[in-house]
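Next come two complexes, and both contain subunit A; in the first it sits with subunit B, in the second with subunit C.
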Partner chain A sequence: MRIWWVVPMGILFALPLFFRGYYIYVIDLVGIYVVIGLGLNLLTGYCGQLSLGHAAFFALGAFTSAYLTIGGVPFLVALPAAGAAGAVMAYLVGIPVLRLRLIFLAISTVGLGIITHDVLYNLKGFTGGADGMTVPKPKLGPLVFKSDESFFYIVAVVVIFLSFLLGNITRTKAGRAFLAIRESERAATAAGIDVPRYKMLAFVISAFYTGVAGGLYAHLTAYINVTAFDILLSVTFLSMIIIGGVASIPGSILGAIFVVVVPEALRDVPGAKDIQALVYGLLMGFFIIFLPGGLVSGFSRLKGIFKK
Partner chain B sequence: MSEVLFQINHLTKKFGGLIAINDFSMEIREGEILGLIGPNGAGKTTVFNCISHFYKPDAGEILMGGNNLLQLKPHQVAEMGIGRTFQNIELFGNLTVRENLLIGQHRLIRSGFFSTTLFLKRCREEEKRVLERAEEIGVRLGLGGIMDSLISGLPLGTRKLVELARALVLEPKLVLLDEPVAGMNPMESETLARVITEIRGRLGITVFLIEHDMGLVMRICDRLYVLHYGKKIAEGIPAEVRRKALVIAAYLGQEGDLAPQG
Partner chain C sequence: MILQVIMSGIAIGAIYALLALGIVLIFKTTLVLNFAHGEVAMLTTLFAYSIIVSLGFPYWVGVIGALVLGGILGILSDLLVRPLLNAPLLSMVGLTIAMFFVIHAIGGIFWGYQTWPFPNPFPEKAVDLGGLVVSPIHLFIIFVLLVLGGVLFAVLNFTTVGTAFRATCQDRRAALLMGISSNRVFAISWAAGCALGAISGILIAPIIHVQVNMMVVILLKAFAAAVLGGILSLPGAIVGGVVLGVVENIFSFYCGTEFQDSIAFLIIILVLLVRPQGILGSPVEIKV
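Showing the complex of A and B:
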């Protein structure tokens, strides 16, 4: 670890001193979306597989962590368990759907999202249906993370740890195998890459990340409601990585800031919420056509302009 | 005479009513440069694609090192030590030359998922080795100056070299080259001919190639098989095959590749 890391880390961990209340809540939410962005970017950005059903893993993670902590399981166990719940579901669903390619995979994951939403909605005794359920604030030994300021530290540690893991995955064997699959499945096979196995690995890891994010979300808001975990949420996840930048960790962060902060900033604008899906759709189209590398590539392009 | 490295026995592949490969048998001996020739549509690439598991043959077996390749999973063909290139070039286009050569070494990397995720010492050392090997093979094929260039910006001749390099980094015993000099200018194909003989000479890798450039084939191949409408019509050393081809052409009418040249 090099010494210059200390400065950004110091600034990061001092954030709750400068931002309080609602602002730190929004920052916490950004962190949670970063976790989803990292996971989904692995699947879509690196491995080239589209998913429009990640809200299912998010929901599963949220309810898993909620129930485990209510049942007295320590938060430190419940959070990874939320990820594991997403991963197990992805594995089971992946066995049939990962045989499908491109748009067919995307469509079947839409189905996954809708089915999960409807099942959870109708399991009223378990999820509270449309009424939702309350979730306890996390405890670590004597520490209770009741305020959004204190919760920030949990989010920050999770984001840093999961970014570290993803950074290592993407720069080594598995990460290269994912990229190879995205570029050419035939050539990947000829290079000795077990394509079905690595597709599954990408799907499971991305679901794990999304499940962990769901767990964090449940404890941040202290209240979860199935109706929030709909198809629009999956679309938001996908637009986040396309807007931020596919196959890029900074891209995941930029995308998360965008999809959290912009709707929050427009919260009081009448009608903004109603056209959210439309706006995301148009933005995805815009970025895919004009800036396929997302905001991240926009910055590097700007740098290029100023160098000349 | 050296040992048999690779063998195809009675291979048949049908596409609906069309018999693309008809009861084809062949063998490759260790250290050979073996050519598979024949007119367009003769079934040459189909043979390669059966070896790579892109097509499932209707009958026959493909043997290497005592294993029937057809009973393995597709990616295990590379693990057996077979590298290949493609007729229409299948590179990882949005990645750099270096990244392509790193991916090519996939089968050689032993660090497990746990060790790579935490980037442990063992994994770091292995990554270093893999990078060095990519550099070494890249330089050997004259790609040293463009290791960080994106594939999508490279001219065809260079891409073919990158593809060959990617097949070589996996430390194959046998490489399958599907029309290695197609689309190259005479100078480039001269370079490639030299590279191919070097692959065999210095690296000790056996070469199995499909090629339409008869001049090249006659010059560098030790033995040839001739396919025509999926059937083997001739085999032997180049001079012998050429003589037979002339006889066959006289009976069947002249067919592009088999026609006498020069």
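Showing the complex of A and C:
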């Protein structure tokens, strides 16, 4: 059965041959959002902790990778370092914050996002403030990944690797612990699960993923600006999970596709910004009301209809 | 000098408190944190602007129009949210966020993104109160806040509706058993909450001018204020708003305005850690 993987893999790696320029840029962006979706799905979908501040980790990862590569650190090191930066920040922040439940956690993550945004914005010398900063293109040894097409391969490898990693994590004891915590923290504690430790683990892993995505983003766009990493971005990340499907890897992928493609597809419509937001909001609301399990559950339902 | 800073802080805080009141009012019964509250305030204010400035009706007609629109939006929100009351938190948060996008977009589509000055029913000149300088509109906001607080108190404690409201907040099932219709209480909460939002918007508009993005940042502060005062406490919303405004102002007076927003949220996080029920809240027991 394993041999069947060759076909979708082959198609995946051949994509840059068929999609060029703008389209491959969008696909790259989708890949980056998939990484975020994977991480956030672990935290919110599997473990049930709501975060509205993940743009903070994204920003941190972006600037970390940017500065490291400018400083001559090889890309292969800078990218995981970007993830690590996010992870460290999550650890420090998580110690106090993860004690909070439900809506209070959500509000404090909002605070986290805003504080990070403010701090980074005001560190003008470091982040360029409202002007942003340029980021060099990644190099792997002698190869420079100048084009969006070549960058696709980096994104694809990262996405595949991190998806498998996530899939494995969910199948371990930790994965089951996350689910138990989502369903009922008290019951999980009663069953002997070290809830604070696993909550922190989910938080840190999701921050790592988001940091890596931030690093990828910095190198894809070759220019990063703090003002883009705001609460609206965090909300977009979360909506990815809601629309795609919680606790599901295909859900993260579908969510990422939706979140990137819908605004881009509506870009040329007159009144674009508003139409984007309107359609986005309406679709999001539609999914929440009628398809709370996200697009993924819609597909399972369709499958169920056809099986009859 | 410090007294002036505090006075200005109270003035700003009153704005946060007004919005926070609406948020808490809706949250107490329905347990829904309406992330779209600010947008409702914005839309009703834009509507009032059109009535007063574009159509030339007197100020009070605009106010009534805004209140009516607020009530309608509230009831619509209630109907929209009701099927999801037992859904996981993520759905609820997501739905109000979706509402945020939709209402925001409606504002942008019908009114565009310019900024307009909103008619100020009071003279612009600041008033001197024994050494402290305050502008009349700020004073009026504080006044309205206190009046609303009193009205809410009276309604909640001395009317049937108020008792039904309080009963539903305390224990919805028991209230149902006593014959109190949750649906009706929810509808009233939503309508009243959004109407409060409309009032907030109209009062704030002369100060920050009318535009589609006017409420976004203020709303976050209002949430912070609500949490600070106790998310389930109406007097807490007032107290939390004022405290937040004062602390924020003192901080920016001594340390500059760059980190003003951060300080607000830092306070919130600290409060949540030390006393999650807020200043005036009673300890919250979350069911397993």
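Here is the rule we use: the second predicted complex is superposed on the first by the 291 of 308 C-alpha atoms of A that agree within 3 Å, B and C clash if a C-alpha of one lies under 4 Å from a C-alpha of the other, contacts with A are read in each partner's own complex, and residues count from 1 in each chain.
Definition applied: a contact is a pair of C-beta atoms (placed from the backbone, for glycine too) under 8 Å apart; a residue touches a chain by one contact, two chains touch by 3 or more.
From a predicted model like this one, the values you see are computed outputs, not experimental measurements.
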| item | value |
| --- | --- |
| Subunit B versus subunit C as contact partner of A:I231, first or second or both or neither | second |
| Partner chain in contact with A:R176 - subunit B first, subunit C second, else both or neither | first |
| Touching partner for A:T44 - first (subunit B), second (subunit C), both, neither | second |
| Touched partner set for A:N168, first subunit B, second subunit C, both or neither | first |
| First (subunit B), second (subunit C), both or neither touched by A:I193 | first |
| Which of subunit B and subunit C A:G21 touches, first, second, both or neither | neither |
| First (subunit B), second (subunit C), both or neither touched by A:S184 | both |
| Subunit C-contacting residues of subunit A that also contact subunit B | 184, 186-187 |
| Residue ranges of subunit C in contact with subunit A within the complex | 33, 80, 83-84, 87-91, 93-95, 97-102, 104-106, 108-109, 220, 223-224, 227, 231, 258-259, 261-262, 265-266, 268-269, 272-273, 276, 286, 288 |
| Subunit C contact footprint on subunit A (complex, rising order) | 44, 48, 50, 52, 96-97, 99-104, 106-108, 110-112, 114-115, 118-119, 122, 184, 186-187, 231, 235, 238-239, 241-242, 246, 271, 273-278, 280-282, 284-285, 288-289, 292 |
| In the complex, subunit A residues that touch subunit B | 165, 168-169, 171-174, 176-177, 179-180, 183-184, 186-195, 201 |
| Residue ranges of subunit B in contact with subunit A within the complex | 52-54, 73-79, 83-84, 86, 90-95, 99, 102-104, 106-107, 109, 111, 113, 116-119, 123, 127, 166-167, 170 |
